[in-house]
Amino acid sequence: MAQSGTLTVSNASIAYGKDKSAVDGVDLSLSCGTVTALLGPSGSGKSTLLRAIAGLEALDGGEIGFAGEVWSETGQHKPPEARRCGVVFQDYALFPNLNALDNVSFGLNRLPRPERRKRAQQELDGVELGHRAKAFPHELSGGEQQRVALARALATDPDVMLLDEPFSGLDRRLRNELRDTTARALKDSGAATLIVTHDAEEALSLADTIALMTDGKIIQVGAPDTLYLKPTSLAAARLLGDVEYFDGDVIDGHLQTPLGAFDARAIGNATKARALIRPEGIAVGAGSSGGVAATIVERRLAGGHARLSCALETGNVVQARVELTNRVDVGARVQLSVDAHFVSVVTAGSAAS
Amino acid sequence: MAVNRNASQLAPSWPAAIAALICAAPLITVAALGVFGPWTDYMAHIASTRLPAYLTNTAAVTVIAALAALVIGAPLAFIVARYEFPGRRAMEWALALPLAVPAYAAAYAWYDLTQTAGPMGFLPTVRGPVGAGLIFALTLYPYVYLLAREAYAGQSSEAYDAARTLGASPLGAFLRAALPLARPAIAAGLALVIMESLADYGAVAHLGAPTLSVGLIRAWASEGAIADAARLAMILVVIAFVLFAYERSQRRRARQTSASGRRKPSRRVTLSPGPGVLALLACLTPVLLGLVVPMARLGWRALSSPSNRSMLEAAGNSLLLATASSVLAAALGLAAAYALRSGRRRAIIAARLAGLGYAVPGSVAALGVLILIGSFQSGLDAAWTTVFGGAFPVLLSGGVIALVFAYQSRFAAAAIGPAESALNRVTPTLDSAARSLGATSRDIAWRVHWPLVASGALLAGLLVFVEVLKELPATMIMRPLNFDTLAVTAHNYASDERLGEAALPALLIVLIALPAMVWIARRITRSEQS
Amino acid sequence: MSRLMKTFAAFFMAGSALTLAACGDTGAGGDGASDAGEVNIYTARHYASDYAIYDAFTEATGIEVNYIEAGGDLLIERVRMDAERSPADIVITVDAGRLWRAEQAGLFQAARELAEELEGIPANLRHPENAWFGFSTRVRGIAYAPDRVDANTITDFADLADPRFEDRICVRSSGNVYNQSLMAALINTAGPEAAEAWAAGIVNNLARAPQGGDTDQIRAIAAGECDVAIVNHYYAARLMNSDDAADRAVGDAVDFMMPPVAGAGAHVNVSGAGLAANAPNRDNAIRFLEYLLSEEGQRFFPELTNEYPAVEGVSYDNAVLDGFGEIEADPVNVNALGENAAEAQRIFDRVGWP
């Protein structure tokens, strides 16, 4: 089993060209046995950070270390083969000239041959692909390729596992299935794991911790539900799902919005503040149930829920997410009430809009 | 070869097969000569005396040439495609230059330098099968380099990176992950190296490594046993055929499909100063050994005994022949590639036959063309007599057209390879997509295929351009009167042991080939960026 | 598809036009009598002396010289393929073997007009029926290091097979036509068995595997790799006459002798010419051959390429050739060398002379 330890990234920077930074002063730490998701839009620098941790990119500033040992800093670079990092690449990067078993045993070449094959077979069994050992990559389905890549990375018993968009090429149903297999395999390995993804659902369901990254910077780190419910910026909130927001001044410890007043005691009076509200926190009640009056202007289905566009009397239109059984038709007059658990009040302008 | 019966696919198999057959005709003529020519006891004599030695030498020379060309060409292609280091841009095209040096010229120069009395006599003398193999590697490795470089430029580095994260050292990752990925390209390059080594006469004769092609030239020279020479040539063809059949079957077994459809070429990794200088030195070494040193030796000899004949006309003739041949070769190469793509058996056989001409020594290939044109001429004469009376007004042999035709059959392999790999980029779905958008065959050819295969066709044309600049035996015998080329002039002097006078035309060949080489390298660089 | 065909057709037309342009007036014109201001020479030679002769001939007669240079074997095939359409007027090769084969293939006609000039050439240097004749000669001799070899101990080529020369001989590959010709002469004089025994002796005495050309064998003597080498006289002469100091040093380090072959005299081979059977410019060809055999024409060979003139009594200026002394030539008719060429190569093959 992997030893215990923490991978620490501190103030890491990587520049492309003269003044373009791909990674800009990033701090991050990964503990053994936990799964961290690095979530961000494409081009945010998350893959570059992953490659830097793997040793495939050199740092222009800052430091990466594991269990007290320096892996990367300016002018010093431990080569990837010496890092005990397992990587699952976005395109899996299976060796097309080797079959599944040989792909998995690639990293085990220090072991004697029979043992190497035994270990590789075990790893394949672990991802339920024992029966496909002799198949070449082009004979494997996308999902099978992904699992071979996972088994190959895990076979060397790495301290750190890095997965770059591991499910992006797969269809939705397969993705859900694989997520479970992958999560189990990663937990069993005990490695400090980083999964790079742009899919919020994937990050929320797989990770113990999520780090949000935009423009080369990490903007928030935390447990999935904390991040979802209490984002500290609009950008962070949007990375994890739909959000409604209202800006205003804090008066008497409250922020007044068209959907009501929210507690803003943590923010000083008279400062600009912003309320971030998840659509599922907006309850849609019958005309007399109390709350803010609104008219339904559109109803759409979205992934097992109904999404209602509600026009407020102030002219704002907000999205609410309700159960499908909540049959409200377009044109109906309703009352909106907000569950404070789904509201995060932040200082406006503290982070980029 | 997957037989594709997709109705929407554009694969003009008949014209392509005919084009390929035209290239294959001289080879077929030589084969027919071997089968139907008079049998003497020469084959029995040679089999009981020199044949085993010819065969061992042939094996040794080609294996050494192929291994050394692999060791030089493939890693440098990888370094140049993946890393940034001082001088990288210049090295990109400079590495291709030794291809412009005729192997016999390099052999004469290196032997002259390293023989015991020579200025580099402290080195082991470049001679025998090892020396000949190394000379071929030094002048032909650019085939491997160019094709491998194009392959690496189009691939992401993920396989190499994956190998590194799995504990492989840089060298291990290159050998175990990057090398296999470029395997089809490298194999195609090595095939050209091997064929040209098989066909060479001048270098092996001079360096005392008599291969099969020396043997068959002797059969012809000493006994006039043309049919026996043709039979020995067929052994070369069979060797080449078996080699390629094996290579293709291997390739099919582990098909080179990438794990997923998406590929993005990776950013170059900038090397720190130390390794950067090492990379530069690694790139400079083969250029020095294959081009600069032998050319400098010839140049130095040229200073001590300058040639007083003007090379201008010969240079013009070389340029004319090389240009005309390369344009036609690009077209025929593409046609043959289409024949291969069509999946039709007859078309494939024709194209494969056309490629084999490369393994036949030039003088034998020239003989095939001579015989072919001779019979064609008598047919024309007979027909003309019946209709108009008198002989056909044009004597075909000794014309530029006969010569260009001879080149096509000789260098078809160099043209087909790049065209074939370019056409591989055109997947059948592209044709289907274009058809569904209302494109006609003509639209598909010009708007879909051409943009994708243009670089391959260009590469094919330029390789033939350089080959024709260097070509000797066919040029010598097929050319019109008073029509000297640079290669002929260089060889005449060199074979008369007048290295100094051979130097100027040899240097001119390199100079004329230079823009072609730079163009090839640029083109590949551009396709890599797009 | 039709596009491809059109391109093809277009190229063919363009090519034909080129062909016509390139050989329009040298080609099929059968009526050589009309303006015939030219002569077409197919030659296996490519030496300075030849270009000088072409120029001098044109200067003197106004007749243009067109030439094509290629290996003798290929030249023979081309003339044969073109048959009566061949533009060739004169075929020149660098050894008697090829002339013999061309004559066997019926490519020559007798040049009776030259009877007088041919009288000046020793009978053994021309075809018995004058189908062809040698116009310059080369002697295959022995270069040696005077400090390591006592010249008096080599009185005949046969001596080189003696065990005392073990590991001391350099010679080029047996595929070389000069070696074949030497062997053909030996077969003629001593018979095939003795010739084979001699060849086996040489193979046994080789200092190194055959490599390089004749000049390289001489360099090897200078470098001490071997003590004797079998080379043509003009390669030695060229080094001794060289403008390059390093080359002249090599030349100075060796001496050259032309011992008899099995007692029959020195081995002489010829560059020879024949009048093509279908010569379209027969008259001009005769004039060229006349010029070739004139004193003026003959002088070019010794003075520009260190060859000996074939015509007897031609005076020339070449100190190195003079230094080689009188040649006591093997009286064998060089035609016999052609007849024995195949047997010579087989002997080489059998004794394993690479």
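Note that the chains take the letters A, B and C in the order they are written out, and that residue 1 is the start of every chain.
The working rule: a contact is a pair of C-beta atoms (placed from the backbone, for glycine too) under 8 Å apart; a residue touches a chain by one contact, two chains touch by 3 or more.
All values derive from a computational prediction rather than experimental measurement.
When every pair of chains is scored by its C-beta contact pairs, the maximum goes to B-C. Chain B has the C-alpha centroid lying closest to the overall centroid of all protein C-alpha atoms shown.
When chain centres are set by their Cα atoms, the one at the greatest distance from chain C is A.
Here the CA centre of chain A is 52 Å from the CA centre of chain B. Chain centres here are Cα means. That of chain B falls 33 Å from that of chain C.
Work out the mean CA point of chain A and of chain C, and you get 84 Å between them.
For chain B, the set of residues touching two or more other chains is empty. Looking at chain A, one finds that none of its residues touch two or more other chains.
Every residue of chain B that touches chain C in the complex is listed here, in rising order: 12, 14-15, 19, 45-46, 49-50, 53, 111-112, 115-118, 121, 125, 127-128, 205-208, 210, 214, 217-218, 220-224, 226, 304-305, 309, 324, 328, 331, 335, 363, 366-367, 370-371, 373-374, 377, 381, 391, 393-402, 404, 442, 473, 476-477, 479-484, 488, 492-493, 495-497, 500.
Contact residues on chain A toward chain B in their complex (touch as defined above): 16, 51, 54-56, 79-81, 83, 85-87, 89-98, 106-107, 109-110, 136-138, 142, 145, 149, 152-153, 156, 162, 169. Residue ranges on chain B touching chain A, taken from their complex, read 156, 158-159, 161-170, 172-173, 176-177, 180-181, 183, 254-260, 262-263, 267.
Within the complex, the chain C residues that touch chain B are 1, 3-5, 7, 11-12, 15-16, 18-20, 22-23, 26-28, 40, 46-47, 51, 66-75, 77-78, 81-82, 85, 87, 97, 101, 173, 175, 177, 180, 209-216, 219-220, 222-225, 235, 242-244, 247, 250, 341-342, 344-346, 349-350, 352, 354.
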